[in-house]
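Note that chain A is present in both complexes that follow, paired respectively with chain B and with chain C.
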Partner chain A sequence: MVSYPARGVIRPVMNLIKLKEFSILKQLYLEEKLLRSSSENWCIINNGTKQPTIVMGVSGRPSELVNINSVIRDQIPVIRRFSGGGTVIVDNGTIFVTLICNKDDIPGLQPYPRPIMSWTGQFYGEVLREFGDFHLRENDYAFGSRKFGGNAQSITKNRWVHHTSFLWDYDVSNMDYLKLPMRAPEYRSARSHVEFLCRMKEILPSKSTFIEGTIETLGSHFSVRPIQSNAATNLSNISHPPSTRLLTRPELEQALLSASENSDTNSSIYAVP
Partner chain B sequence: MASSRLLWASRAASYLRISPLCRGFSTVLQELKYADSHEWVKVDGDSATVGITDHAQDHLGDVVYVELPDVGANVKQGKSFGAVESVKATSDVYSPVSGEVIEVNSKLSDSPGLINASPYDSGWIIKVKISGAGELNTLMDSDKYAKFCEEENAKH
Partner chain C sequence: MRWFSSQAWVDVPTGGVVEVPLAQTGEGIAECELLKWFVEEGDQVEEFQRLCEVQSDKATIEITSRFKGKVLQILFVPGDIVKVGETLLKILVEDTPSSLDTQSPLTSVSDFAGVDCESSSDAEEEIVGGILATPAVRHLAKQHGININDIRGTGKDGRVLKEDILNFVSSKITSQEPPSISRTIIDEDELELLNNGKTLNMNFVENQHYEDKTIPLRGYQRSMVKSMSMAAKVPHFHYLEEINCDALVDLKAAFQSGNTDQNVKHTFLPFLIKALSAALSKYPLLNSSFHEEANEVIVKGWHNIGVAMATPYGLVVPNIKKVQSLSVLEITKELSRLQLLASNNKLSSEDITGGTITLSNIGAIGGKFGSPLLNLPEVAIIAIGRIHKLPRYDDDDETIYPASVTNVTIGADHRVVDGATVARFCNEWKLLIEKPELLLLHMR
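On to the complex of A and B.
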């Protein structure tokens, strides 16, 4: 059950930053800085990112997750972000929504992965209750059994980040840059990217329906305070070394080399004499 | 009958040096010290072994990755020294003591699940040469920590 502030209790402030086609790398830098250097609550909504970009979780290995040859050939950026979870390819059809919260500002919510995932799942269930058959399926957002949102979290002692990349639309050809992950949810049932994923634009009438609906639901839990986007991007000036990183070409080439060396080793083990 | 079962449980717990199980059913070991961020420390002379508690691993879920510091890195009491990944989340791990990292549990790279299976033994995370022995007085003993866990569980 999603908890609301009790009647008469002043809602905690939630700073709202709305961005359009902001670089996902800069967005992740900003999120890390706000998580670690701010004591306020923040919601970032970024309507698309210009360049198709691959974003892996903290433990992501390019050799396992990404078709490195085509990524290098087409100069697709590959980022390793500070939060957990899987790999996505994002572009201007992606809507990003991030919540950065003080643990005590949501009554009764324990700062652990499953309670936070459950609370945010119910939050988006409220946003989307009039559209489609919304489910939190093994930590993905799905309409029916088709995923339309991937999310991940990062938790510190007193604060947490929950960020989501929503597939408003996507370019099918971009999915060729990603391998089928070894660690996949059961409900995926070995389906290809195209069979597994769903475009939100097939379910909702417009991006603004979703974005404004999210802001309205946010207002049920918090006192929303819009922040000018140029003031927000100035927050990037807060000095804090990020752990989010753009992988370099040498790193990608090394990953390719290591993968092929491992593959040669495995082949030689099974070679017929 | 209930009282004799409780008496037996209490005597067994005492023999095994385990604090009686509280509502949360997490294990707490008597010889360790605990931080309110759910890390434990076992002191041996001027060095200490650090890990996360049974309460923590239970709440985090299956650990799939551990971010370890470098040997030689300095750690500070109450500051993050690494992270664990579980259920699509990274969660910071905080050092209960200050000092220098003298060893990391490299088995966690291939077997991060040791943290879940054996949080107080083979799931240890770092060993530290302690620089501030007085800091240990700010940590909780097993009884206080068990009560702390109970109070946390009751709040949610």
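On to the complex of A and C.
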């Protein structure tokens, strides 16, 4: 159920880290660290990641989700992140926004997947409604029925992470590295990547419109405290090993091998439109 | 959106093996993938310690223990799909000295291992010997020479508060019998007795005295607090109509006299449910759910008609699925099945989720008018009053005769439905109840 911003009441603090072209692998390490070792609220906004990278969910199997041959050939990094959800290929056209919150700091919000999805959906609705026909469709953000943002979560006893990869822009040829997922939301209706997705840059005037709009909306729910990025991103004091991992080449080759052993027909190399 | 944090209230034996199931983690989530365990068989676990991590769709969720004890058996391995309600692991819950006290009510847990919805935020509190209390409170008990295990905590989750110690001390001084607590905690059985209006038998000492009783809200009662608070925020309007039940009374009598199955008892409700479904087919907007944040109304296909039931454990609304595809007899049997489960507190999460509209047959107990609160995210709820005899005019508009009538109140979400729609819908339903033969026109 939706909660309402607490006006006239002391709002909880939300630390804000703004990054540009920060490595998505390091961003995920940072998120995990903040989730597990901090007791404060954090918002991380990362404007793009330098290198095209594939990010799978926690139980993602490369053989099912990724065209391994081309990934190995082109040396595309493949990461398995700590949160659930599906597979994306991200690059410098992706805007990442992550919210890490104490469950008690949003009044009335229950720390379960659907309520959090609903609350964050409403949050981004506030940011984006004036620009387009914004919808939370199942677990995606869409304009109309075209997805421009994918979400994933990780929930612990008292805290939760909800992170989104927003497609400001994407390179169509990168989509070829991904297979059509076996589990897809109903509203996808078997559309190809290109027919299903939408570029935010066709709807909003600039990246900073979105980023600043998000920060402003954040301010209506929280007391935003900007943090110097170099201070925050010092990862040398990670206390426990992160679950997020970059898959090694031997692992990818092994996945390819076991996939072809298991399947009767060869898995297609290129995504089927 | 609605969620139940616990599917059913589980009696926790103090001292004994507990089967810890995967608790419901939100509406509509039926199963999760087990990702990893943080404990092994044989490990000691503390209350609130992480047990495992599961994945449901887009979320990874850590599951923490509600008990202190020893892990006896782990029933799933990483990669397995676990249905909500299936047992994840078995824990041997430790005996505490208070478990030897046969009067001691269950002061721990109202929901089992799952994502905590309420947990201790006071890091100072300790759990020693199964009793939750701050060090200051323990010290106070020691000062008074009291064994803290003898005290029933009236704080959240049964923790012992300073007042409990002081009350204990003062009642100890005034009584000659073994100490009685002047503020008693009521357990579920006593709650049932209260609800049934019988007087309680308390630990009386010299004179009878009427004391305040504190009832910590658990299980269904706690759910009711949450769901009604949310429902109160919705702009309701209520529509009242009188329905002539003569034909319905005759119908029920006909069912009963033609009934060859001893296990089936015919009541009014199944026909009312079937007629409701027929009316909904004509006015499907009343069978929808409103999602505020997306500003959308989802018109539901199947009629999953919820029936509010008052059980000894509280108000619960299981629903009969796909009423369009059921006959009146099948509805009768399904209703009976759900009633039995409800009275034994054995409804599954499948039974209580997925409802699309709710009926409240409050008339079975009494009453003429009501203003029922919506069962969110549904947009309509119907309260049916008592069927009773009143003088009414016959069809010729001249003769007065004793008619069986009932009042129904339809509560609806005025953001989604307007009065005219509800009125037409109700007229349709009323017509089918007053002239049941018309239902034959719609029968497939």
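Just so we're on the same page, the second predicted complex is superposed on the first by the 253 of 273 C-alpha atoms of A that agree within 3 Å, B and C clash if a C-alpha of one lies under 4 Å from a C-alpha of the other, contacts with A are read in each partner's own complex, and residues count from 1 in each chain.
The criterion applied here is as follows: contacts are C-beta pairs under 8 Å (C-beta built on N, C-alpha and C of every residue); 3 or more make two chains touch, one makes a residue touch a chain.
For clarity, every value in this text was computed on a predicted model and none was experimentally measured.
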Fit or clash - chain C, chain B, common chain A: clash
Touching partner for A:G121 - first (chain B), second (chain C), both, neither: second
Contacts of A:A152 with chain B and chain C, given as first, second, both or neither: both
Which superposed partner A:G85 touches (first chain B, second chain C, both, neither): both
Residue contacts on chain A - larger count, chain B or chain C: C
First, second, both or neither for A:P113, with chain B first and chain C second: both
Which superposed partner A:S37 touches (first chain B, second chain C, both, neither): neither
First (chain B), second (chain C), both or neither touched by A:V58: both
Overlap of the chain B and chain C footprints on chain A, listed as residue numbers: 57-59, 82-86, 110, 112-117, 139, 151-157
Interfacial residue positions of chain C with respect to chain A in the complex: 1-3, 5, 25-29, 33, 35, 48, 50, 55-62, 64, 79, 115-117, 119, 121, 230, 292-294, 296, 376
Touch list for chain A against partner chain B, complex: 57-59, 82-86, 108-110, 112-117, 139, 151-157, 183
For the chain A and chain C complex, residues of the former touching the latter: 1-2, 57-59, 82-86, 104, 110-119, 121-122, 125, 135-136, 139, 151-158
List of chain B residues in touch with chain A within their complex: 37, 59-61, 64-65, 67, 80, 83, 85-92, 94, 152, 155-156
